[in-house]
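Below you'll find a set of structures to go through.
Consider the two complexes below, in which subunit A is the common component and subunit B and subunit C are the respective partners.
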Partner chain A sequence: MKKIRDLANSLHTNALFFVSPILLLLAWAWVCSAGIFPEQILVSPAGVYQTAHELWGSGELQSHLHDSLYRLVLGFAIGVLLGMVFGVLMGLFKPIDAFFAPSFNALRQVPTIAFIPMLVMIFGVEETFKIVVVAKAAFFPITMATYDAVKGIPRSYFEVSKVYQLSHFSLVRHVILPATVPPILTGLRLALGRSWMVLVAAELIAADSGIGQMMEMGRQMFRIDIVLVGVLVTGLIGFLLDRSLRSVETHLGRWQQS
Partner chain B sequence: MNFSVKNGTPVIAWLLVGFAFMFGLLTDANADPAKEVRIATVAYNVNGKIGFNGTAAIVEEQGWLKEELKKQGVTLTWVPVTAQSVGVTINEGFANKSIDFAGYGDLPSIILNSGGIETRIVVPGGRGNNVYLVVPPNSTAKTLADLKGKRIALHRGRPWEIAFARYVAASGFKFSDFKISNLNPGAGAAALAAGNVDAFVTLSDAYQLEDKKVGKIIWSTKSAAQDWKMRAELWGAKDFIAQNPAITQIIATAYVRAVYWTSQEEHLDDYLKIANQNGQPENVFRREYSNDSVPWKIRWSPLFDDLVLDHYANVAQYSRQANLIRKDVNTKQLFDARFLNAAIKELKLEGYWQPRKVALKGA
Partner chain C sequence: MNIINQFLLNVKHFSGLLLPITVAVVWEFMSRQGDAYTYIFVPLSQIYSGFVELIQSGELLINLVATLQTTVIGLVIGGFAGLFVGGLMAVSPLANKLIGPLYHTLRQVPLLGLIPLIALWFGNDLFSKILIVSLAAFYPIVLNTFEGMRGVEHKYVEVASVLKFNRLQLLIHVLLPAATPSIMTGLMHALAFAWVSTVGSELLFSTGPGVGGLMLMAQESSRMDIVIVAVVSIGLTGLLMNASLSHLRQYLLRWRSVR
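Moving on, here comes the complex of A and B:
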């Protein structure tokens, strides 16, 4: 009986999951058919689907996706690595914290988008600039999350490891890492979402390829259908990235509990 | 004889009221329905003041258009558009009906009409502006061939793409022979200055880049055939023109008055002062206009001649081949010569400009 109730509950939740996207789609279709906006400005869902199909068929969409995701993966990996190292150092060593804290906190407040013109000047309009933008967007939330996580480790853990005379490596491997994984994962999720958004924005401004550039070119060529395909793909990718990190989080959470 | 009806009001008074009512109906039926006309034009903010570009600045300075529209009870609203994204902004303006007329370029107009939003050229914009290819000052590149495989900043879908595409084709190359960076004019100039691109395609601001010693012009349409220059015209929304022919006529006449004034050599200095509020030094414009294959007076010819017709046929063909547009555009239907021809007649300017080969006939 309980099983049946569980199944019904999960069906109910899953159904709810699809309600808002379907409603959004219906509202979009309705606004299109009502003719509130010219068809060239607000393309119907069917029109956007057809364009997406064409872009996929010609391989254009895959090639833009490939370029964007490559930049995301590389930039994000660099940002995460640097952010974690920096966060651990700042969390563990007071002088480092005191030295970097003011400039770190000031720079953290500046939106990555505002850095784009300067980054273009320094790194040019080639790949490096986009990877730096992504790395920068990931670096700050990761550093913050790592810093807070390290700071949040109970003092007793360190005292115990001192008693056991743990090496620095063992301290990181066996104490710091396990204790900081959950908050850092939350930081990762936040950073990944930000990196993706910033990358698409950077591609809108300066790029030869990528989802952002596909949208910018679509706008310049008055192909709002292409722009909308870009919007949907950007949203979908962002959603999937978030979802996958969320499941990693749940998985690790379970492991921690057990 | 009693001319009054029962209540004592004289019949003649009733007749007068009746006539007045009918007259009112008739004038209303003849008048255009629009009470406001919105004209988009490239504008610049210099020292907190908005200045218009080119002919729109002269039209505004002359004040004739505003006065004439006022007599008809119509308000004139200029819609300023930044030079960084003229085509996109104006195309979106036409699409969502937030503008009625616009002075802007050839390629964005073709892109718009191919997208199913119909506009018409009301007054052609003369013989066009020059397009320049600029390289960093220390570059060894002298021709396009030297830039093969190099990075070139070009804002796609803007009018200068056509001139550059012709140069590319005439030199025996394809776009794919270069790395084209889709950068707006501001970003393109910055990229050139920072050495991030090997060349930059732009308009007369090329001289400014030379003056600042961040660029060197290696090619321009000054030396090319006349129809290689980029074109910009006064465009109107097809529906607005159809519903408001009288207002359209006033606007066309105002633009022709303005270009007639400008085309007189003795007004060159004044023109530069008025139409030169875009933050570029006067000597930049003097250089843009000097040593040109087209004399000053002819440069401002608003006639619908074969130059305009061929140019648009070419732009449409290029856009289709380059896959910028999906549907063919019948460029012949883009020309609405009625208003221009009536304006030329009204201002007694027949024969002042000579058409190149044939002029388009308009009713």
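Moving on, here comes the complex of A and C:
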């Protein structure tokens, strides 16, 4: 009996979960079929699906996606690598910290987007500029997260490992990694979201391919259906990136609850 | 011996300045390597004269004020809307179940990715910019209002029900004060997002006054000095706003016992 009630309850909550998105979709479809706005202003959901289908069928969508994701992965990897190295060095060695901290904190105040005109002047509008932008967007939050994580290891952990005469390997494996990975992962998630947004913005400003460029082209040709497909795809990708890192986070942090 | 120690101590104290000074020296050195270099490595004196030029013509001030205005208007609109929606979601479970999923779905779209859509719907003028900035401020405030009110200690709610508070009274006298710390945190996030998206939307809409527009124009006419002045003023203004908001936060939260 209880099981049935639980099932009904979960069905109830899950059903409620979809109510508002479905209502929005229905309202959208209704407004379109009622012809309140002209077709150029608001395309019906079916129309958007149709366009997405066409873009996918012609391979256009995949190639834009491929270009955007390639830039994201490459730039993000560079930013993460540099950020982690930098964060560890600043966290472990006081002189390095004192040397870089003021400049680092000053640069951190400027939003990545504000650097775009400068980077365009330096690197041109080609691939390099987009990868640098993504790397810059990722670098700062990851350095911060790594720095805080390293600084946050309690001194007593090191003392205990000294008492137990842990080898360097197991110090890293059993003390430093478990203590720093969760906060760094949170930093990674933040950084990935920001990198994605900055990349889309950079592609809107200057690009010859990528999801952002597809939307910008749609805007210039007054193809609202293409723009809407772009909005949906960027949202979906942002969601998937966030969700996948979140599941890694819970997987690696599962010992914390128990 | 003493002097050496003193010197080392001083070096330690000012080592944070070494990097900027080195960069400035290398920069100035590079700028004297020929015309091809001055395109990027603008001489420091030229950056300064660009700065003076922008101040004297009033361009910097006009554009900064315009940008600030967009940010503040967006922050106010998005802030109050967020307070309302977040509060509604916290007070009414039905509203939470209805609005929550929609909120979390729509939030996934990177804000600046919405710009082409908003440009097609609402045009390129100030309204579109304010819409983007309001949305940027709206999201974090909703989340923090909701979580702050949800995290209220249960005994306060019980006292309120003993006193037979209705929902509005509960909201004003119990939930809102209890959620203030969380809402202020949300406001700090909202300010940062609003500032970023104001600059971003100015770069993308490229109409009307604003520091973003100033930078774009400078970029098109290859005036690196103006771009640098603009970037620095964006950073400084953001820092200043952040600092004043965190003072306000401390003032508003002065009743809280410091942990």
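In this text, the second predicted complex is superposed on the first by the 201 of 258 C-alpha atoms of A that agree within 3 Å, B and C clash if a C-alpha of one lies under 4 Å from a C-alpha of the other, contacts with A are read in each partner's own complex, and residues count from 1 in each chain.
The definition used in the following text is that a contact is a pair of C-beta atoms (placed from the backbone, for glycine too) under 8 Å apart; a residue touches a chain by one contact, two chains touch by 3 or more.
These figures come from a predicted structure and were not determined experimentally.
Asker: One more residue to check, A:Val125. First (subunit B), second (subunit C), both or neither?
Answerer: It touches subunit B, and subunit C stays clear.
Asker: Per the contact definition in the header, classify A:Pro117: touching subunit B only (first), subunit C only (second), both, or neither.
Answerer: In the superposed model, A:Pro117 contacts both subunit B and subunit C.
Asker: Answer with first, second, both or neither: which of subunit B and subunit C does A:Thr51 touch in the superposed model?
Answerer: neither
Asker: Compare subunit B and subunit C by how many residues of subunit A each one touches, and report the one with more.
Answerer: Subunit A has more residues touched by C than by the other partner.
Asker: Determine, under the contact definition given at the top, whether A:Pro38 touches first (subunit B), second (subunit C), both, or neither.
Answerer: first
Asker: Between subunit B (first) and subunit C (second), which, if any, makes contact with A:Ser68: first, second, both or neither?
Answerer: Neither: A:Ser68 stays clear of subunit B and subunit C.
Asker: Is A:Ala101 contacted by the first partner subunit B, the second partner subunit C, both or neither?
Answerer: second
Asker: Does the superposition put A:Arg219 against subunit B (first), subunit C (second), both, or neither?
Answerer: The answer is both, since A:Arg219 touches subunit B and subunit C.
Asker: Scan A:Thr180 for contacts with subunit B and subunit C and give back first, second, both or neither.
Answerer: neither
Asker: Tell me the contact category for A:Ala206 with respect to subunit B and subunit C: first, second, both or neither.
Answerer: first
Asker: Both subunit B and subunit C contact which residues of subunit A?
Answerer: In subunit A, residues 41, 117, 120-121, 205, 216, 219, 222 are touched by subunit B and also by subunit C.
Asker: Quick one: in the complex, what on subunit A touches subunit C?
Answerer: Per the touch definition, subunit A meets subunit C at residues 13, 16-21, 24, 41, 95, 98-103, 106-107, 109-111, 113-118, 120-122, 193, 196-197, 200-201, 204-205, 211-212, 215-216, 218-219, 222, 224, 227-228, 230-232, 234-236, 238-239, 242.
Asker: Touching residues of subunit B toward subunit A in the complex: what are they?
Answerer: Spelled out, the residues of subunit B in touch with subunit A are 87-88, 91-92, 95-97, 108, 111-112, 114-117, 151, 155-157, 179-183, 187, 190-191, 194-197, 324-326.
Asker: In their shared complex, at which residues does subunit A touch subunit B?
Answerer: 37-41, 117, 120-121, 124-126, 205-208, 213, 216-217, 219-223
Asker: Quick check on the complex: what are the subunit C residues that touch subunit A?
Answerer: 12, 15-20, 23, 39-40, 97-102, 105-106, 108-117, 119-121, 195-196, 199-200, 203-204, 212, 215-216, 218-219, 222, 224, 227-228, 230-232, 234-236, 238-239, 242
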